[in-house]
Amino acid sequence: MSKRVKEILSWYGTDNAGTLASLARLLNHGRLGGTGKLVILPVDQGFEHGPARSFAPNPAGYDPRYHFELGIEAGCNAYAAPLGFLEAGAAEFAGDIPLILKLNNSDSLSKGEPCSAVTGNVEDALRLGASAIGFTIYPGSSERNTMLEEIRELTLEAKNKGLAVVVWSYPRGAGVSKEGETAIDVVAYAAQIAAQIGAHVIKVKPPSDHIEQDAARKVYEKEGIPISTLADRVRHVVQSSFNGRRIVIFSGGPAKGKEAILEEIRGIAEGGGFGSIMGRNSFQRPKSEAIELLHEVMDIHKNA
Amino acid sequence: MSKRVKEILSWYGTDNAGTLASLARLLNHGRLGGTGKLVILPVDQGFEHGPARSFAPNPAGYDPRYHFELGIEAGCNAYAAPLGFLEAGAAEFAGDIPLILKLNNSDSLSKGEPCSAVTGNVEDALRLGASAIGFTIYPGSSERNTMLEEIRELTLEAKNKGLAVVVWSYPRGAGVSKEGETAIDVVAYAAQIAAQIGAHVIKVKPPSDHIEQDAARKVYEKEGIPISTLADRVRHVVQSSFNGRRIVIFSGGPAKGKEAILEEIRGIAEGGGFGSIMGRNSFQRPKSEAIELLHEVMDIHKNA
Amino acid sequence: MSKRVKEILSWYGTDNAGTLASLARLLNHGRLGGTGKLVILPVDQGFEHGPARSFAPNPAGYDPRYHFELGIEAGCNAYAAPLGFLEAGAAEFAGDIPLILKLNNSDSLSKGEPCSAVTGNVEDALRLGASAIGFTIYPGSSERNTMLEEIRELTLEAKNKGLAVVVWSYPRGAGVSKEGETAIDVVAYAAQIAAQIGAHVIKVKPPSDHIEQDAARKVYEKEGIPISTLADRVRHVVQSSFNGRRIVIFSGGPAKGKEAILEEIRGIAEGGGFGSIMGRNSFQRPKSEAIELLHEVMDIHKNA
Amino acid sequence: MSKRVKEILSWYGTDNAGTLASLARLLNHGRLGGTGKLVILPVDQGFEHGPARSFAPNPAGYDPRYHFELGIEAGCNAYAAPLGFLEAGAAEFAGDIPLILKLNNSDSLSKGEPCSAVTGNVEDALRLGASAIGFTIYPGSSERNTMLEEIRELTLEAKNKGLAVVVWSYPRGAGVSKEGETAIDVVAYAAQIAAQIGAHVIKVKPPSDHIEQDAARKVYEKEGIPISTLADRVRHVVQSSFNGRRIVIFSGGPAKGKEAILEEIRGIAEGGGFGSIMGRNSFQRPKSEAIELLHEVMDIHKNA
Amino acid sequence: MSKRVKEILSWYGTDNAGTLASLARLLNHGRLGGTGKLVILPVDQGFEHGPARSFAPNPAGYDPRYHFELGIEAGCNAYAAPLGFLEAGAAEFAGDIPLILKLNNSDSLSKGEPCSAVTGNVEDALRLGASAIGFTIYPGSSERNTMLEEIRELTLEAKNKGLAVVVWSYPRGAGVSKEGETAIDVVAYAAQIAAQIGAHVIKVKPPSDHIEQDAARKVYEKEGIPISTLADRVRHVVQSSFNGRRIVIFSGGPAKGKEAILEEIRGIAEGGGFGSIMGRNSFQRPKSEAIELLHEVMDIHKNA
């Protein structure tokens, strides 16, 4: 195993050997295996945004096997999805790519404060051969406590059973403005919360240079925390994740042009981000184009 | 076993042999046995709408044995009902027809956001000899999470114990308009959600050509998804159910004239629907008339 | 073991030997070991206020190992933090300093009545080797019952498993004014509530001479309860904590100048407070300065 | 994944995806990864024969880390050992080599009918990150039922949790003569028993041309089952393991000369054995010599 | 914490932080605290041999408090006893000395193959504040499996809950001769077994130069393993305990003269033993004499 992967594992000293082996599996698989960087393919948009919005741009994606194939062929470190999508391929593709079972999910039919429903169990993760559970929290939602209390149980069980824990930390809800959802202070805070609840891998959105909270703004100004470039901001988010001792990866957000994506990835890589988790920008493109893009993304992370 | 049934079972590769055998039982029974199509008799209206509204039009239906007999004589693939109705005949008709124990039910006495009560257990399904559990979710309800979290436990237990899972996915509640409950985007979304939470068989309503969500409308228009005929819409719903790799069947809705029913069935069959689940249109007719209608429905599905 | 520690343990006669040993561990460790006084290092501000506001003033604090080192080098009695911060060092520093796992935590992104989320389990405390669980209640919040009912379960489990219980009792929410949060009647009341729910160690804020409740004011005036100096008020809070038969310690509040801190500590010590729990005033200073300050604080408590 | 590994996984159709992924991990790791052949390093002799008899010939082996290193450096598919030996390295070498936790073990201090003691739990396998549990049965022992009933529980739990099951099937005890322990009829029978109790991987000793049971001899003679060469006998054992649809590997037995070992391996490979599990012949040699030998063994299996 | 203690803890890399902290507590307490050596006071003879045989020589020992006092005043690392003895003092002496709850015990009223009864629970250890559980196995007994299977459950639970595991490994029963119980091959084997079942601390008897097993004798002779002095033999036992990466301590055996004891201790210390566990030789002497002896023993270990 590479020295870098060994170093990363050393940050998780209280985890049992099973969880360390699961983390190692994520870090050692695919084109970025051994580099300490990760590019993960997540496909929960069918659940979160609906099937047509997710898959009509590239109808091959209606078929759950497509995403396994895409993740495998592109050499991603892992493939993350809700129960149904994993069930539809986990046996056929057993052993081909590490899996992350997304244990809670939201849909966009309901209104109200954001709070994902728990739709899977740690036992499901074991029977499907997943290496990690995934869980979304919405800091800023007035349903925050519900989510945090659900994950505390799932996390303990997952860790006892040798699985890793990946947390999507997306500020949202009554406590934050729309612009604030990606504000640098809020994203850094969201990363910190995920780390404090015991996440091994943290997923946040690329932060903007907006500052949402007055109390935070004073500190950013007084201490002169650099936030003008994306690299600056990513560096601050990584620092906010236990001084870089937790794996922090960044989502790609809505589908956009290739150059815009690569520009963003360069910022993330330069700022010391551990990688990317790219859903719509991958599976909504034709497969060969998606693989080409993912390889370019991987190369940027690799060479950072 | 027919090639088509084998093919259908192959979609459920992570399920254990017990669940596959249960699914096979549903697929191989009755007049449609082996065709890969299903016509199921569901009788939960006594619970959902009250006895007089359900059974006064054909008072034979007050007697729980009547529905077993109807399902058996008509050659349905399965009979689905709440605990009490199954308990009242499961021994007498043991082995005569596959059973689906409807594990949650609503009544129309209470007001408020729709959320069915869990009224049975997986253990009940086993002791009654059911081949599957049934469960209703109401995407769009603000009680969504409650239902999704109930079914995640029931599904895991059912699958461990070799049962199949049938999900009624009926959008309803604060998040959707009345018209939106059968909107094509919403019905396709509801089917996707059921598939993502691990349903083997998905039951939705025949979709209208209304589009409920603005974000969805943009995609339907941009991608030119055909939705003008019922067959088009059913095709889209089937595609939205893991590209046709989950069994999707369609309910008949309120009692109506025979020709209207058959017209609808023709659309469902043409669009690739896997069958029908017909309650009121069956048991509210005199038995012989009901059987005749069911046979015509089956024939349409068979010949599609 | 010192006579004073034995005396303190004698106040907790119904606790099992395991909990007494855990309490003894807190009381016997560090520079104040054996004196019956405690200075605890708490670092939950990353969770409660966000990373930049907490750690930018002394960026070494972004690294979770820093706080273990600070607590150990300063000779604190214990180090208290949420799950993530303890997980990031508990193995590396196993046995070096008693730990308190903070089992619930709030963040300042959400709005609404204050109510911390439960983010850890008693089992986590055991696997991390913590000597105590920590829990925050907000008397005055309309979410009071939620918190009190969560802690009743956690307390019972912790006591069965030989752990001690430390309660942060911070009046806050719809029931108290901003000024009332540190009013002498309210702080004394908060201490009493913590004692009544079974806390072994109670943490409150240094009380002001404001009186919040009219009903209380009448009694304070009629009975001539002295509250003019901080020492008076601390004495009253200690008395309100089962006549001094529960350990009550005082938080330091926001970062401030050294002399202001020491002046406050002198008042606490003179009034019979059992010690201090000092977060921001410790970890936001450079380490050597923080240790020097903590030593001065310890000396004041020791010599009181 | 190679076609051959996919083919092998297809034999285990009722196993869940987790177990298939664990099996795939064994089959895909090391120098033989992807070939469908396995060479496993087992080190339970410290427990079974005592430390000096096991490790004095190569004292480096007293240190549990040595065997991890040997397995990793030689490129074995997996390393199998009892609880203590795995605990002593599973965290340090997490992710470096698939592990098999040997769940029962015998020592040679006790007398009486052979019956290993269960010395670990399936939960231990999970927390140590093992891919499989290992278990020894002694067909022929009058304690047979005890062992078979212990493994039925462990197997069910392991399979539910996504682990593979490796069974050491060693005829021994009152029911078989010393010579009969490796008789071809007995070894073939032992393999069949292991397959029938649900083993994914079966480990037996290389069979001799002795026939132990009269009833069996008649059939072997009447049907003209070829057993004169080791390759013949291995072919028969493989056939006896569900016609080759279960993985059967062969142990090396007591330490011996290199040419004798390689000769035996050639017979196993020619007969279609799936590989070898070589303990004493590996770890009792100096490391470089052991690696050289293991590579030669792997090459024979690879080229068979 | 001393470098040596940190080094020792590093051998237990798969243990959780709680267990490491418990081990650290044993290693850091008393006169030998921090040296990596241990002298433990065990008093289970009241249970094992009866009260008069145990306590009549020094009747103060009938009182359970006496042994707490002896362990504390002598500065032992820990005090080990069955449930009743610990219950009779754990609250009064809470925090004064690390405790080891002996979870199984034998009495000398029954005859037959030796097999201790489990007389306490891991939960008892937690409520009494013990740092470790203690357990006796009798390798060589035909009841071996019963004991090994009891401890596999207790060990898993203890480790999950942050406790250490101390195993008394005393060969005894039908499989070994009386002389063989302390034979060098048998004692080394007993230490290996204890290590393999997951013990953190192993207690064996000082080995004689007798060799019990023929198969072992050949190896000892062939490999020239030195066993002529006690130091040689202790060195071999330590090596047999994972090459010195498990803590092995030696019991004192029946009461004897001081010089004989010290002579033996010198051999143990010279051979690299980690310390002593001395019962009858301590508590059957008058207290001051016992303390003086224990101090001399500690000094020998300290200066080794």
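Labels for the chains are A, B, C, D and E, by order of writing; each one numbers its residues from 1.
The definition used in the following text is that a residue touches a chain if its C-beta (ideal position, glycine included) is under 8 Å from a C-beta of that chain, and two chains touch if they have at least 3 such contacts.
Bear in mind the structure is a predicted one, so any value in this text is a computation, not a measurement.
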Request  = Farthest from chain D by Cα centre, which chain is it? Let me know.
outcome  = C
Request  = Quote the value, from 0 to 180 degrees and to the nearest 5, of the angle by which the CA atoms of chain C must be rotated to coincide with those of chain E.
outcome  = 180
Remark   = For the copies chain A and chain B, the interface residues, called same if over half of the numbers are used by both and different if under half, are different
Message = For chain B versus chain C, what separation do you get between their C-alpha means, in angstrom?
response = 57
Query = chain D to chain E: how many Å between their CA centres?
reply = 35
Note = Averaging C-alpha coordinates per chain, one finds the centres of chain A and chain E separated by a number of Å equal to 49
Message = Can you pull out the residues of chain A that are in contact with at least two other chains?
response = 13-14, 16-17, 90-91, 123, 127-128, 160
Request  = Treating touching as the only link between chains, describe the layout with one word: line, ring, star, complete or other.
outcome  = other
Remark   = Inter-chain touches occur between A-B, A-C, A-D, A-E, B-D, C-E, D-E
Query = Which bits of chain C are touching chain A when the two form their complex?
reply = 46-47, 49-53, 55-57, 59, 62-64, 82-92, 105, 107-112, 115-121, 123-124, 127-128
Touching residues on chain A, where the partner in the complex is chain E = 13-14, 16-17, 160
Remark   = Touching chain D in the complex, chain E uses residues 11-15, 139-142, 144-145, 148-149, 152-153, 156, 171, 173-176, 185-186, 188-193, 195-199, 213, 215-216, 219-220, 223, 225, 236, 239-240, 242-243, 245-246
Remark   = Listed in rising order, the residues of chain E that touch chain C in the complex are 1, 5, 9, 16-25, 27-28, 86, 90-91, 94-96, 123, 126-130, 160-162
